[in-house]
Amino acid sequence: MSERTDYLDLDTKDETFLDATELVLNMGPQHPSTHGVLRVILKLDGEKVLGTECVIGYLHRGVEKIAENRTYAMFNPYVDRMDYVAAVSNGLGYCEAVEKLLSVEAPPRAQYIRVILTELCRIASHQVWLGTHALDIGAITPLFYCFRDREEVLKIFEKYCGARLTTHAFRIGGCIYEAYEGFEQDCKKFCDAFLPKLDEYEELLTTNRIWVERTKGVGILNPEDCIALGVTGPVLRASGVKWDLRKAQPYESYKDFDFMIPTGLHGDTYDRYLVRIEEMRQAARIIRQAVDGLPQGPIMAMVPKVIKPPVGEVYHSIEAPKGELGYFIVSDASTQPYRIRVRPPSFVNLQALDKMVRGLLVADVVAVIGTLDIVLGEVDR
Amino acid sequence: MPEETKGTDPVSPEPSSPAGAPVASGEGAGSGAKASAETSPSSAAPTVPPTSVPAAKAEVPSAAKTAEPAAAAPAADKPATPAKPAVPATGEKPTAPAAAKPAAAKPVPKPEGPKPEPWEAELVTRLRSQYGSGVKEASTYLGQKYLVVDSSIVYEILLRMRQDEMFDYCVDITAVHYPKREAQFDIVYILYSFHHNQRVRVKTQIKDGERLRTVVGIWETANWLEREVFDMFGIEFDGHPDLKRILLPDGWKGYPLRKDYPILQQDQEWVHINLGIESGQ
Amino acid sequence: MKLAPLVRKILLVDLIKGLKVTFHYQPPSEAITEQYPLERPVIFERFRGQPRLNSNPDTGESLCIVCNLCALACPEQLIVVKGERNPATKRKEVVSWTYDVSRCMFCGLCEEACSTDALELTQDYEMALYSREGMVLDQAALERGPEPVKYAK
Amino acid sequence: MIEYIKGYLSTGTTPGEAGNLFWATVYILLVIVGVSVAVLCMNWLERKILAHMQIRLGPMRVGPHGLLQPFADALKLLIKEDIIPHDADKLVFWSAPVVVTMTAFTTFLVVPFGRTHAVTDMNIGVLFMLGVSSLGVLGIIMAGWSSNSHYPLMGSLRSSAQMVSYEIAMGLAIVSAVLMTSLQTGTGTLSMIGIVEAQASQHTWFIFKFFPLGFLAFAVFAIAMVAETNRAPFDLPEAESELVAGFHTEYSGFRWSLFFLAEYSAMLAVSSIAVTLWLGGWMRPFPTWLGGSTWNMAFSFLPALTFFVLAAMCFLGTIRMPKIPQFRIQTIGLGTFGALLGFVGLVLLVPAVSVRVQDIYWFVVKVAFFMYLYIWYRGTFPRYRFDQLMKVGWKVLLPTGLGVLIATALWGLMPQLSAAITGVLQ
C-alpha cells in the first residue's frame, strides 16, 4: 500500500568495486536462466540481493498494434505466439472473448474438445516449467524426462490440428478440426502413461533434501501481497488463496467436471512446485472425464463468415497455465478489432519478483524467476 | 471457413428483439452458463446449404452499424460474471430462408445487437448518492458491468471500490484511443472482487495531455500496468514512482498504440538511421 | 515419529531414491533420441508444412480458380495471386502466384479458405535455405511441391 | 638398452626412491600422458553416461558412437580464437589456467598406481597431495579476479570459501585414516605407498576398519571431495544457471580447455586419494579371503577379460550399425577399435605383462568407480545454495569428521585404555 521510495538508483555511477560495498549485477538478457530475454538488474551486497529492477521488452512485437490491423479471424494465430508454451490456452481465451462479443457459444462437443486440449496444454506448460525450474536449481535430468512426456502431448496436438507448438487449434465459434480417429484413446493413453512418470519426477525432487532446502522458504508471497500485486494462477494458489477461474467463473464446460483446486500453505517456492504438480494430476483427471463424456454433434457454432461484432467492448479471461489470461476487446463494428488488450499473466506476475527476492541470495533469484513461470513472449508481447 | 459455417444463414429478417431477452447471468457463473445454454439456439443448428453467403456479408455490417438501444431487460443485481454469452446472437436464427434475398435490400429489418443496459445495484446507488453526476453511466453489456465516471473523481471512486466495496484485485489497466473525440482517451480499470466474485470495469475519459492520479498506492500491481499505458499511449500518471517506458526502449519516439501512430514511418526512420538504407517495407 | 525421518535422513534415503531413477534409465533402449536425417519423425496427416498448389491429376490443369480467397485470408498478406480471364474458356487463369514462405507462420488459414483444394500445406517440413531468395515461391515452384532433399554423399 | 629397462623394472622401487632421474622423467611423462588420456576418456564417458541417464544418446556423429568426439573437441578448443577481455589483468589472466593445471598435475607425483608405479614415494605423501591440490584454488581466484567481470569474481569468491571450508573436513577424514595406519601396528606413515601397505598388512581396507568409523570417515571424504573439485551438487563456482560459467566465464579456447583439463585431473587426483586411503589402493579385492595361487591366477585374467568384453561390445555395435553406405566408415572404424581393444587384451594375457599391470588395473577400476559416482551425482541432484553448502560443510561434515577422528583414536587406543583403566581400578 505504501508508496515505495526504495527504487533502484542506477544512475549514479558505481565506484570501483574495491571501494564500494554494493555491486550492481546485470543478469540477462543473455543469461542461461532468465527464460528468454529477461534482464534483471540486481543490486547486491555480496551475494545478498538489496533490490532488483526488471528490464523487459526485448521480445516486444506489438501484438496489440498488429491486432488493430487484422481481422478477427486473422489475429487468431498471433495469440499463439504470446505464451508459446501454452498456445492452446491463448487461442481459447481469444476465441471465447470474440465469441462473447458476438454472443455466440461453441457447441458442446467443441467445448469438450477445447477443454481436453487446454488441459493437455496445461500439462505441457507445467512440464516445461518443471524442467526449466529444476534446471535452474541445478537438476539437469528432469528437463529431459519432462520433455519426453511433453512430446506425447505435442503429438496429440499435431495429430489434431497439424502443429505442435503454435497450434492455432480453435476458431471463433468452435473448433475447425474434428477429433481425429483415435483421439480419445490417445488422450487416455497419455493420462495412463503420464501419471507414473509424474511420480518419477517427484521421486527425483519432492523429497530430495537439496531440492527441499533450495525451495522451502524461498520467495515467500503472502496472500495479501499476491492480491495487491495482481498475481494469479498457481502462484496465487500456492499462497493459500483458493481461486481458479475454472471454478470461480466457469467457462467452456468446466462446470461439468469434477476436479480440485490445489492450494499451498506457505506461499514459498516449494508450495508452488507442489501446487503445479498437483495441477497436472487434476488436469489429467479432467481430461479423462472429458474424454469419457465427449458428446456428439457439431463442432462449430454458426458464426458469419466475415466476423463483424456489434459495437461494444468485452473483457473475458480464462485460467491459463500461468494465471488469469484476459482479453479486452473493443469493437467498432468493423471487421477489424478497434482495440485488443491482452492481460498477460506472466507480465503481472513478474512484477512480484522484486518483492520475492529482496534479502535472498543470487541463487534464489534464479529459483524465483523459475517458480514464477514466466514466458517472455507473453511478458513483452 | 469450415463447412458448418458456410451454411449459416445469418440473415434474420425479424425486426423484433431477439426471442430470448438478455439474460443477465445472475447468481454466479454456473447458472449463467446454464441459462445461456437454454436460450442460445445456435448450438445445434443444422447445416443449411450454402446459398446466402454474400447476403450474409452484406447484412451483418448494416445490422451492426444501425444498432440502437433496445428495451431494457431487467438487470441482475447479483454479481454477474463474464462467463457465457447470455444473449442470443444477432442474425443467428435460420428462420426464413426465403427472406434471405430481399433482406439485404431492406434497411429497416435488422437484428438487434446486444445493448448496454442500466446497471442497478446497491453499489451504484451508493456511488451515485455520493458523487452524483460524476458517475456518468452504470451499465451492463453482455452481462459485464461497467461504470463511466468523470476523470476528476476516478481516483476517489477507485479508492472507494478498493476500500469499501472490496474490489481488492486490479486485473488490468488499459486505454483506448479515439482520435476523433474531444476526450481522446478511455482509461479502463478492470477490477475484481474476490469477495463478490464480480468483475467491474471503471472507465473514464480524458483529453490528450490530461494527467491522471496514479493508483499505485491502491493496488501495487498498477505500477507496471500504468507504465505500459504510458509507454503505449503517452498518458502520464501523477505520483507514479517510476514512470518510464517499459516495453519499448527508452529513446523511442511516439506512442505506438495511438491510432495516429504511423508504423511504417517509424520503421523507415529507424532503418535509415541505423542501417543507412531505405526500408524495404 | 521423529525417529524414522531422522534415520531416513542419515541414511540418505531421499538421495538414493533419486539416484535409483537416473540409474535405471541408463540402458540405451530407453533413449528417445531420433538420429534425424536417418530416422525421420512421423509427420501426421494434418501437419501444416511447405505449401503446394495442386493440379487436376487427369488434365494437369491447375485447380486454382484465382478467387483470391487465400490472399484475403492470409494474416501476413504473403500470398499474391494475379489472374486473367481466358476468353476462350471463360475461366480465370493464373498469371502469377507467389507465396512468401519466409513470412509464413503456417496458421493454415489460406488452406481453409481455398474452395477448390488447390492450395495445400503439405507434410514437408524441410524448408531451411541458405538465402532468402528461394523463399518466395512462384507458381511453378508451388506446383512442383516440396522436394525433400536426400541426405547422402 | 633393453637389458637396462629390464634391470630397472625388476628393482621393485619407484624411481624417486631409487634416485633415478631419467626414470623419474619417463614416469612423469607417462603420468601426464596417462592423465590426459584419462581426461579424454572421461570427457566421452561423462557425455555418454550422462546422456543415457537423461534418456539421450549423447555424441553419435563424430566417429562411431561419438568415440572421436573428445578429439574433435580438443581440436576445436585449440584452434578457437583466444579472447582476453579488454580490461582484464593480462598477466594474471594468462597465468591462472597455468597455475590450476600445474597444481592438478603435480598431485599425481605421489599417487601410487602400484607398488612401483609411482613417480616417487614421499614420506609426507598425503600432506603433499592435500597441500598441492588446495593450491588450485589460487588459480581459480586469479582467474576470477583478473577477468574483471562480476560473474567470474563471484564464482571465484564462492570457490575459495567453499574449498577452504571443505578442506578442513577432508583433512580430518584423512587424519583418521592416517591414524589407522599406526594404531594397531605402531608404524604410522603419511606415505601413500605406506598407507596401502598398512592396509595390506592389516588385511583390511580402511573403509571396513573399525566399522562404521572407517566408513564414516570415507563418507565425509567422499562428500568433501565432490565439493573440493567443484562438481555437482556442489558446483556453485561454475553454476551455469546462476553465474553463467563462474570463474571461467571470460575464458575461451585453449585457456578454457586448461581449466577443463585441470578440473578433471583434480577429480582423478582426489579419487586417487580416496582409493589409496580407504579402498586399498592397487590391491585387488579379497586378497586373503580369496587368496591362493588359483585365485591369483583367476584375478590376473581380469584385465584381459575387461578388454575382451569391451572389444565384444564394439563388435556388437559393429553388427548393429545401420547397413547403409553412409555408415560404412563408422562401421569399419568401430570394428578396428574393437580389434585394437582385443589386441590389448591379448597382450595383457602375457604373464609378464599381466603381473605388472595388475596393480594399475585395480587402481584404475577403483578410480573409475568414483568417476562414475561423479557423473551419477551430476545427473541426479540439484545444486546447493551457497549458505546451505557452508552449512553442510561446517555443521555436518566438520563435526562428523571430528567425531570420527576422536572415536577412531579412542577405539585404536582401546587396549591401552582398558589396560590403564583396569590398572587404575586395581
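Just a few scattered comments:
All chains are identified by letter, namely A, B, C and D, in their written order; residue positions are counted from 1 within each chain.
The working rule: a residue touches a chain if its C-beta (ideal position, glycine included) is under 8 Å from a C-beta of that chain, and two chains touch if they have at least 3 such contacts.
Given the structure is predicted, the values throughout are model-derived calculations rather than measurements.
Compare each chain's C-alpha centroid with the centroid of every protein C-alpha atom shown, and the nearest one belongs to A.
Farthest from chain D in terms of Cα centroid separation is B.
One simple way to say how far apart two chains are is to compare their mean CA positions; for chain A and chain B this gives 24 Å. Separating the centre of chain B from that of chain C, both taken as means of CA atoms, is a distance of 36 Å.
With centres taken as mean Cα positions, chain D sits 45 Å from chain A.
Chain C and chain D have centres, each the mean of its CA atoms, that are 49 Å apart. The set of chain A residues that touch two or more partner chains comprises 141, 148, 176, 204-205, 208, 210. Touching two or more other chains at once are residues 53-56, 379-381 of chain D. Of all residues in chain B, those touching 2 or more other chains are 1-2, listed in ascending order.
If you check the complex, the residues on chain C that touch chain D are 15, 18-19, 21-23, 25-28, 30-33, 35, 38, 152-153.
Chain A contributes residues 70, 73-78, 81, 141, 148, 151, 155, 158-163, 166, 168, 176-177, 180, 200, 203-205, 207-210 to its touches with chain C in the complex. Residues of chain D that touch chain A in their complex: 50, 53-56, 150-151, 153-154, 232-233, 235-236, 239-244, 378-388. Here chain D touches chain C in the complex through residues 49, 51-57, 60, 322, 324-326, 376, 379-381, going by the rule given at the top. For chain B in complex with chain A, the touching residues are 1-2, 4-6, 8, 10, 29-30, 33, 36-37, 40, 42-45, 47, 53, 56-57, 60-61, 63-65, 67, 81-92, 94, 113-114, 116, 141-142, 144, 168-172, 174, 176-177, 188, 190, 194, 197, 199, 201, 216-221, 223-225, 228, 232, 239, 241-242, 245-249, 256-257, 259, 261, 263.
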